[in-house]
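Multiple structures are listed underneath, in structure tokens.
Below, chain A partners chain B and then partners chain C, in two separate complexes.
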Partner chain A sequence: MKCIMAIATYSIILVFIYMILVISREGIPALSWEMISEIPGGGFYFGKEGGILNAIIGSVYLSVGGTFLSLLISIPVALYLNIHLLHYNRITAGIRYLLDILWGIPSILYGAFGFVLMIVFHLQASLLAGIITLALMITPIIIRAFDEALQGIPEGMLEACYAMGLTRRQIAFQVFIRQAMPGLITATLVGFGRAIGDAASVLFTTGYTDYIPKSLYDPTASLPLAIFFQLSSPIPEVRERAYAAAFILTIIILMISLLIRLCTSRLSKYQI
Partner chain B sequence: MNRGKWFDLLSDNWMLLATLLMSILPLSVGFGLLIESMPLLRQYHLRHLVSSSAWSPAEGKFGMLSFITGTLWVTGLSLCMAAPVSLLVSIYITQYAKPWLMRTIHLVMDILAGIPSVVYGVWGVLVIVPWISQKLAPALGYSSSGYCVLSGGIVLAVMSIPYILHLQIEIFRTIPIELKEISLSLGATYWETIKYVLLKQARRGIIASVGLGISKALGETIAVLMVVGNVPQIPENMFQAGYPLPALIANNYGEMMSIPHYLSALMFAGLILFLIICLFNSISHWIIHKMHQT
Partner chain C sequence: MHNKDIIRIEDLHVTTSTQVILRHINLHIPRNKITVILGPSGCGKTTLLKCLNRLTDLHPQLQVTGKVWIDDEDIFQPNVDVIAVRKKMGLLSQRPFPLPMSIYQNVAYGLKMQGITDKHTIRERVQHYLEEVGLWEEVKNRLHGPASKLSIGQQQRLCLARGLAVQPEIILADEPTSALDPISSRKIEEKFLELKSDYTLVLVTHILRQAKRLADHVIFMYLGEVIEQGPPQEIFEHPQTAVLREYLKSGH
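Coming up: the complex of A and B.
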């Protein structure tokens, strides 16, 4: 029995390594400097010149915008739950339950909801709609992670702050954020990683284009959609570009994971 | 009033507004999907929509049975593979393994959970689909293109394992060590302790983790869509193609505005998905909540 368990454990690690190897083996040969620095040329989808810069920049715009918009909502909500509503246990339990439901909703449903919002507000498929949808999707993730970090702050800290006469706003933004800073950075990076890799929510709401968006109302390409669309092409060169794009996306995610681990260990200097 | 008081007022009210917004969001998602599906529901009877497998939007036929069975097939297959594996791994990690193995598994789990769905899809297309069509299916006597519900199940299993594992490791960690010590001191072997004491304590948590795994597997779109074949039929065996609900929504967004009721049909599919996922989520979280109380 112990043998079977050990085999299962090591096979997970092996599957992981194998996945990274396969993506690298297919992606690295197709990678070239022009791929990441040019937008698609005329015959791009038939195998001719150009690159996926539109998708890379589009993904960065979408993720940075979505994460920023999400932080505007997530940070206040998490702080509210832990400071203003600290003793209203039933209410916080209810809100955390609702947030857990939101956390479990798959991204395709956020995309469908974003589409409904687009119909209601008469928006076209654009960068703005994509940013709003992504923000809605990653807010529960960021709130949950930041909330757990805030719950780790000892209650004595809160009492000491009240004893010194701080208002709740001052406690929130001058004390608690500093105490939970590693948790906040981790939460933001997790949200950012989720936003940059998600295809289903931007499928309806952001469209796809060969150009770099110049305004919030332009449709935007994104890396996951670039991979998705190019993978189903009958032309082998275009498929190889999809593998290269998948490799770029995997490298971005691995770097974000590394950053998360570094930040957690380094940024604990404000913590008591 | 001085400046600090204005900031306090602004901040407190903004926090309240944001919290209210987040609290009504689940309801508004469900409501929005419901409202958009109303045109379809007014036209066709609910029972007809859910029990017929005739899907031909251009002729006005919107039978969703093939998609519901496709979803059940893929989710069921993935859970058959993911649940035992994660249970075995979580027991091994928390009871037997050395610390370096636990750290490695945590690292691998975190990274696997962060890898985007498309990358899993690419890996599935590159590795799983050829393996099934060239090795597994002929070995078992079937012929298959490789784009089948089994591929979807395998890819989904690999995607769900990090989540189920994370939750199960936490559950095993919360079991007090005294329980283990008492059982061992009464003469039980290590394995008997695990089987009869620990698993019994953690039983509810394990069910909850499987429930959460189910709700994750139900909703995964892009990875499954790339490997499952997307043929609207009821799969008769696991080597046939299927068409889960999320794949239906994702594949047809381009054409849905041109055919009447197509948008409503897709939103209705989304509504079904939403209700099922909320149900599984609520039950699992309620079980976890009850566990923390005792």
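Coming up: the complex of A and C.
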């Protein structure tokens, strides 16, 4: 039994390393300064001049915007579940169950739903529509991940706060957020990772363009779609660039993870 | 005029949908004394304590009827300012729960709640309250370190300092020494004896010796009812009921 567990554990690490190796081997040769500093030129899709700066910037705009919008919704919801609705077990169990279902819905459905919203509000494929769709998609994830951290706070701490005469708002935003900060950061990271890596939900809602968006109402390129379009090309140079784009996407996720992890130890210093 | 009894409980009855937790309690708790609520586990001591600052509100399954008068205000009236009631009382629970902040901020938080904003005043008062609970010498070099790094006994005294900073009239303590080592327990007990000149203390305990050391007034509870109450010499020397005699003999 121990042997099987060990094999399972190490094979996951091996698969991860192998993926990184493949992406690096195929991607790094195609990588150049031009690739990350320029938007596509005239002959880009035939393997000629230009880069994918449009997709890099677009992906950062989309995922940062989506994560930020989602946090505005998720933080109050998770706090409300754990402070105001504490002990109303049937209501919270129902809400958590619904959120878990939403978590499991494939992103293409969020894309389709976002598309319907766009039609209702007369929006075109745009950065704004993409941000809203991504926020919808990752909100259940962030709520539930943050919620798990909040559920770990002992009831005694809540009682101690009430006994001091704190209002619920003070408890939520001055005590519980601090105490569950590492959980909130992990939740944000998980949500951000989903948002930056998702292709299906932005396919209908943000479209694709060779230019960097100048306003929320412009269509926007994204790295997952850049990978998708280039990987399906018959031209080898273009396919190599798809791997380079995948490599860049991996690096962005890695950098943001590390950055936030570095902040975590500082932010969770006072955790009880 | 100051009433002699700071807390008066009239016919307090607490039930869940299936069982009775407190059965028609009538009590008077004297001002500036240590009142000890004694009884075996599960007799409703903690619930009684939670009724005093309406922590029962947190448990929607509890139904509370009856009256609890604190400073001649019935706190279970719907128009009562619960926050103000709770600010009159500090709570020490079985396990200390400092706020997730530095040692200094833990005490300063209570001061800021009262609207004190002057940094100099806050620093003076933080030192004052930490000295009052005998913690100042131990933490003065790491005031801005996390409260979680303190020992449990120190955390309990920090929670006491934090509670005092809100300037309460009453200190509620729910088996405050049960998680502590004997030396820390002794320190808390000594503080209680000093504090009673300025505060009213209500202490829940199941430790008979602790009750004998501290009590000015004893309430003995059993299965949700007050069996006996009175001055300690009467309760401990001349128990009137069989339950209390049995309890005093087995001593737990």
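Quick note on the criterion: the second predicted complex is superposed on the first by the 245 of 272 C-alpha atoms of A that agree within 3 Å, B and C clash if a C-alpha of one lies under 4 Å from a C-alpha of the other, contacts with A are read in each partner's own complex, and residues count from 1 in each chain.
We take it that a residue touches a chain if its C-beta (ideal position, glycine included) is under 8 Å from a C-beta of that chain, and two chains touch if they have at least 3 such contacts.
None of the values given here were measured: they were computed from a predicted structure.
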Ask   = Now for A:L123: first (chain B), second (chain C), both, or neither, which partner does it touch?
value = neither
Request  = Determine, under the contact definition given at the top, whether A:A163 touches first (chain B), second (chain C), both, or neither.
outcome  = second
Ask   = First (chain B), second (chain C), both or neither: which does A:L259 touch?
value = neither
Query = For A:Q179, is the partner it touches chain B (first), chain C (second), both, or none of the two (neither)?
reply = second
Request  = Have a look at where A:L86 lands relative to chain B and chain C in the superposition and call it first, second, both or neither.
outcome  = second
Task = Classify the contacts of A:A6 with the two partner chains as first (chain B alone), second (chain C alone), both, or neither.
result = first
Ask   = If you stack the two complexes on chain A, which partner ends up touching A:L53: first (chain B), second (chain C), both, or neither?
value = neither
Query = Now for A:I251: first (chain B), second (chain C), both, or neither, which partner does it touch?
reply = neither
Remark   = chain A residues contacting chain B in one complex and chain C in the other 167
Note = Given the complex, residues on chain B that touch chain A span 4, 7-8, 11-12, 14-16, 18-19, 21-23, 25-26, 28-29, 32-33, 35-36, 85, 88-89, 91-93, 96-97, 101, 104-105, 107-108, 110-112, 114-123, 125-127, 158, 161, 191, 212, 215-216, 218-222, 226, 246, 249-250, 253, 266-267, 270, 273-274, 277-278, 281-282, 285, 289
Key: Complex contacts: residues of chain C adjacent to chain A   = 53, 55, 58-61, 83-84, 86-87, 89-91, 93-95, 97-102, 109-110, 113, 146-148, 159, 162-163, 166, 172
Query = Touching chain B in the complex: which residues of chain A?
reply = 1-2, 4-6, 8-9, 12-13, 15-16, 18-19, 22-23, 26, 72-73, 76-77, 79-81, 84, 93-95, 97-102, 104-113, 115-117, 119, 136, 139-140, 143, 167-170, 172-173, 190, 193-194, 196-200, 203-204, 224, 227-228, 231, 242-243, 246, 249-250, 253-254, 256-257, 260-261
Query = In the complex of these two chains, what residues of chain A are touching chain C?
reply = 86-88, 154, 156-167, 174-175, 178-179, 269-272
